[in-house]
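The following blocks contain the structures, represented as structure tokens.
Look at the two complexes coming up: subunit A is in both, with subunit B in one and subunit C in the other.
Coming up: the complex of A and B.
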């Protein structure tokens, strides 16, 4: 009895320790976000007028997340603990939220009492104003406690609802936020089809969804989500169950549908949106190229920007009249053929030494090559050829058979050009994935020594991946030059490599659709290295958010947004194993077979013919 | 024993890993249709022998002959094309690829589609279960099925001699038994098999002949029965497992 009592006593604090830990993390996160200056800067962007701005959304998220986390069943060293009672759960979540909100309360007090603006540049009266809602420090102090506790409770309680209700609520919230974030896109699109009246009630004149709009959106999306749940899955399952020509027909219809939408879309939207679409497309192209290298062949290339740079500079030199040393002024499409050859050569040249290395060493060396290429273009030594830091400017756009010119002044045409090359890249990736070479890449990625033992020339195969990646990257470069009309070494910083890699990882390595989705979400919403996304206000905090997203992704969904089934299995292998082990299905000798069930084994031993 | 000339042969091979002398004047000869085994304890040079035969390692001296042709310096791909294939230790399937992909990768170097398809059918005849699992990811198969795929993958290369690296390594006893049954089965179907093993009893129970390797030197070379009957085979030569 005493031991039971002892355990009980120990267990209560464990649960509370968890509450305090998560609550404190929430509070720290809150303070960090506030002092990064994000909320104040984002306050100008309205989400729901007049009650919620993006700035407040960012800080309010923390107590809510704390509540949701505390609502989860606790886990102790890999095992799920007994779920707390509903009352305990709500109390815990509320306390956690209270702590998270309390972080801001204390910050408000400190802001009022001290001046730490010297090291912390965002320690400003504006932040105090933001945190106290302009009603004095005391009000701010109390309000954050109340809001924190309230949101914590809401977050915690959400977990008590059925999963269906949870999904409906999530859909409603996400729809409203998405509608606000996508505002410029939606408005642009609606203007394109001449239906302005339809959304005038939805968006406030100075941006943000109106209360009425939010309510309508929430109700509509809620109803749709309630009714639609399960149906999408059924349809998916039905399509997946189809075989042969029927499946092909469905796929072809889908592809044709997407194609038609992509062709019509630019006609309906304005210049800015087309510019955005073109940027997203450019990164889709680059990410597809890197996906061949990283996703299919498993070579972690951190210097992919090198190929982008080579494609850009060689296009510039070959097409521009202003090229410093040689200026053949070739038409863009003719130049492109030469650019492909140059990319292949550079791919082989960089690949040959790099490919013999493995893992970390390879990654570091590719990182080095990425920088070397940029520094070569920047160097005085080659400035006679590439203009050094002055770059090459005044480059003409793409002349399409003398009919029209594609350049930066007409983003719609640029988008069509990008779309064309994206289609090529998608087709190449798709075909390669199913080819003999694609299989060899996957074999090398899976188990290089065994691939070698099977007679696959791993060096050649990996070089091929590098070359294909280089060619696709150089396409990106050629389009980039036509679009911006100039090249400078500063366009090819390491950051570009990293962002392309993040797009690939975020979307789902080795999956064409994942990569596209990754580019649309990251580049479209947050923006690329220099290109603004839909959330222009975020651009200052882009890297912070990229980093946070990547960390979160690695923890929660390492297989990416849209994973390939293959990838997902690998990354969750441990969990499969653990689950199977818990079910008593694995004996220790078989620990490398995730799904070996006890009974199957016995049938196996006499199952041979 | 077959009196024709050997299919795969090693003549006084020496191999080094840096300063370590891994193989010392090793002579081996594998004749067509044989099932032979190379026994040895840890660090006796078994894997090195296998690597040398397949071409993953070039010996410092001596010769490797495939069907009478000197292939000592030839790359792996050449030997695979000429009929030497390895089943790696622990199966090592490409777990996240489908069974079909695995089998097709086995035939990577071949381009004769008709023969490949015929070989695929032959694998299905040997292991009907593999056919049922064709579109499944190899990693989701049971241990026994994975073994069939591993052997099937090797057979897809159209080999004349199969090199098996430690077929009993890291397996549950029931699976070891089954694996040896599979080996016997393909041997009876006419395949020449060379296996490297630590599990002497198991290997010798199905093998025709065997060698015992100790610190890189062949110390025993005899028929399976005689080796089995050898009084201190295990205590003196195989790393004293019983002591």
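Coming up: the complex of A and C.
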């Protein structure tokens, strides 16, 4: 950069350039969030009555985040520059927050002065009212500057506190927000156990945590966090250190505990919550299936929805009396056996042509298969079989040995059905991961040529991944049909594949617990492609958030929330090798004797671009 | 690997059967088409599809022209896929979304121009203006995308940037939903002299315009890549990033330029979409994106001339394929299946000739 402007920019100290950059990004983010309509639409959802709604929370987060980011000491400040003092850091953070708040100030002015409602649908008087707190533009302008600066300062100061204090404050804030988000769940649960009095004071009548509730929650969680820090880790370490029968006993107790909770929970909660649980369970099942393909075998299948669709449609055709061409009206469980066979065939049929392709071509081609299958179900050509755009409706639920029927009218039963199949899927994934096949999958994932050289039949192994994924996906489809009672091609958009992929990646590819946690958090809170989550108000924005989340996860934490140890080692190969080198475990010198070079060196394969 | 045609394993047998089946369907369909064109009552045509009607010359010409004009548009989008794949070795799945941003920008700008009355009084000027604006916006989008999402991942395993690009694609689509609304939006009416069918071939003026603009853009790109220093740097980086860097090429800046040029081409294509279909919605970018990617593969990824040819090929195949092959085979409602045909083309090409019809141009590492 040799222009004068460039030279002028170079004169500004690096630290200030960073402040300006992050502050400006914060401001842009704020304006984007405001114009997306989030604040206005989410304003109805209260977090803490009467001071904070979800709408204000999403807007206020930006300056706070800017402050926290700026409060962090820059890691690469160079050798000559002195690290900034605490005072400078706080000043920087405050300035950044001021800039971020300034974005909204300027937006408020623009809203009052111009009308851009033609392309931008959220350029509305409501937004102006939101941004000016209903007190006129001028007030809004100043208030946002003050709020921005204040939050930036708070964020920056937070960073200066000890990590223990930081954790306590984070826990307090998260507890209050989580309590507000989980409100309907908690209320439903306490009504089930007849202990309404326990939370009556906590929640306001029209939703949201009361001030008293927030204070109590914050204090309790703060104290617990302060006292309990490090203890969970100690317990974890102690369990991890156990071996043999003792470890098995702990594991069994844990599994039994979770099982009992899962069986008791639906009895205590109402219909809506059960519906939510059933949706989450369905996505746990689908995500576990995709996890076998993507997480274990490392095949990026973007057309996973194809298996879901095939499972749904074949169940519908086999069980429904209304199926257009053939209607054998089999009982659901008998149909399921046939569905499994169909799924295996489809898995082989989709898998075989793509198995030899480069990973990225494979992804696009599976995406193509997913679309083709939906288009075929939709087409007039096959509408004689599958009903075209009318789909197949009025499908009976699952008849369990003539005792009871599981269908959409009773979400509790659906949840138990889902739970049963989730348990099967978890067992299958868990056993497979530790089997010869599972190890072969991981070998193929890590380095295909090497795996082949080691005598693994990579083609068969990868086909098996498709087949297992297809079977688990078709389980999901069969349950979906029983739950909804109808199938339409619009239920099987590529969108579904992508959302399942986000769930798997967010939770942690290759880790069963991670995948389950991912489904519970994402589907439970934000909701699935058509199913609402706990934050119903978010339904308009959830796809936007899923997209952003996917990008952010890939950039910041590709191994997911709860990573599988092996997978994260692959993803952070370079750092891992560096660490190992620093610890002296490997030596870059090739003349070194093979014993210390060890097996870690062989993992350095295609890390290049 | 895939060039090895002698079947060895069961999967190879299956693939061979699949290839033979695919070629068989295409051949029988074409033969039936020829049969029904010779005479609708031809026993062979009757045997395969009792309701065969055949196509008139005018219908056929219409199909070819609309195929060519859409194909030219796919070709322009395909350039972006091809260039990025050639240089960075991953599929920029979000490129279709850049195209959608172009179409949206064109919609907004042209409607504003229409409100001001300029669209009717000075159509050519307005068109030029929206093309330039759309190119600028798309270039900016592509460059920001590279900076935010792809640059930090340059050393990551190949699938990571692909997954990221899926996320970006999702994000851009839904950004359009939340900012501009989820409804379909229309371009202003094209002037009559453009939409009227010309007498000499009875081709709509818009389609000729689209083909001409695409050809011009392609020419400009070709000049840039083959005749300028920047183009030379791009080719060098595509060949080998590290060595290009050692030879004094600013690799980062060249990659940014690659994204910028690809984005600009997508911007032009976005306007062409608007001119052809006159309506745009947030998922406009998805299908053309996939089809353009297929075009890039058909033409041999990394090969720019190939991309354009591949685009024309895919465009022709999707517009004539259903009526040329499926209709004579007795499949009903074929026009619904045109997207399925486009996907089948992609799968077919990757199955039959993954290196494309005109050969790939990739760096040594990516070819592995």
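In this section, the second predicted complex is superposed on the first by the 554 of 609 C-alpha atoms of A that agree within 3 Å, B and C clash if a C-alpha of one lies under 4 Å from a C-alpha of the other, contacts with A are read in each partner's own complex, and residues count from 1 in each chain.
Operating definition for what follows: contacts are C-beta pairs under 8 Å (C-beta built on N, C-alpha and C of every residue); 3 or more make two chains touch, one makes a residue touch a chain.
The structure displayed is predicted, hence computed values, not measured ones.
Q: In this superposition, which partner touches a larger number of subunit A residues, subunit B or subunit C?
A: When the residues of subunit A touched by each partner are counted, C comes out ahead.
Q: In the overlay, answer first, second, both or neither for which of subunit B and subunit C A:501 touches.
A: second
Q: Quick check for you: in the superposed arrangement, does A:456 touch first (subunit B), second (subunit C), both or neither?
A: first
Q: Going by the contact rule set out at the top, does A:365 touch subunit B (first), subunit C (second), both, or neither?
A: In the superposition, A:365 touches subunit C alone.
Q: Check the residue A:439 against both partner chains and state whether it touches subunit B (first), subunit C (second), both, or neither.
A: A:439 contacts subunit B only, not subunit C.
Q: Figure out whether A:381 sits in contact with subunit B (first) or subunit C (second), or with both, or with neither.
A: So A:381 only meets subunit C here.
Q: Please indicate which partner A:447 is in contact with in the superposed arrangement: first for subunit B, second for subunit C, both, or neither.
A: After superposing on A, A:447 lies in contact with subunit B but is clear of subunit C.
Q: Using the superposition described at the top, list the residues of subunit A that contact subunit B and also contact subunit C.
A: In subunit A, residues 570, 607-609 are touched by subunit B and also by subunit C.
Q: Okay, in this complex, where on subunit C does subunit A touch?
A: The contact residues of subunit C facing subunit A are 1-2, 9, 11, 14-15, 18, 88-91, 93, 108, 111-112, 149, 152-164, 166-175, 177-181, 241, 286, 290, 293, 297, 331-334, 336-337, 339-340, 343-344, 346-347, 350-351, 354, 365.
Q: Per the contact definition, I'd like the list of subunit A residues that touch subunit B in the complex.
A: Residues 436, 439-440, 442-443, 446-447, 449-457, 565-567, 569-570, 573, 587, 589-590, 592-597, 600-602, 604-605, 607-609.
Q: In the complex formed with subunit C, which residues of subunit A make contact?
A: 32, 35-38, 118-122, 298, 300, 302, 352-353, 355-361, 363-365, 367-369, 371-372, 375-376, 378-381, 383, 459, 463, 494, 498, 501-502, 505, 540-541, 543-544, 546-551, 553-555, 558, 570-571, 574, 606-609
Q: In the complex of these two chains, what residues of subunit B are touching subunit A?
A: Subunit B reaches subunit A through residues 54, 56, 75-77, 79-81, 85-86, 88, 90, 92, 94-97, 101, 104-106, 108-109, 125-129, 137, 139-146, 148, 153, 157, 170-175, 177-178, 181-182, 185.
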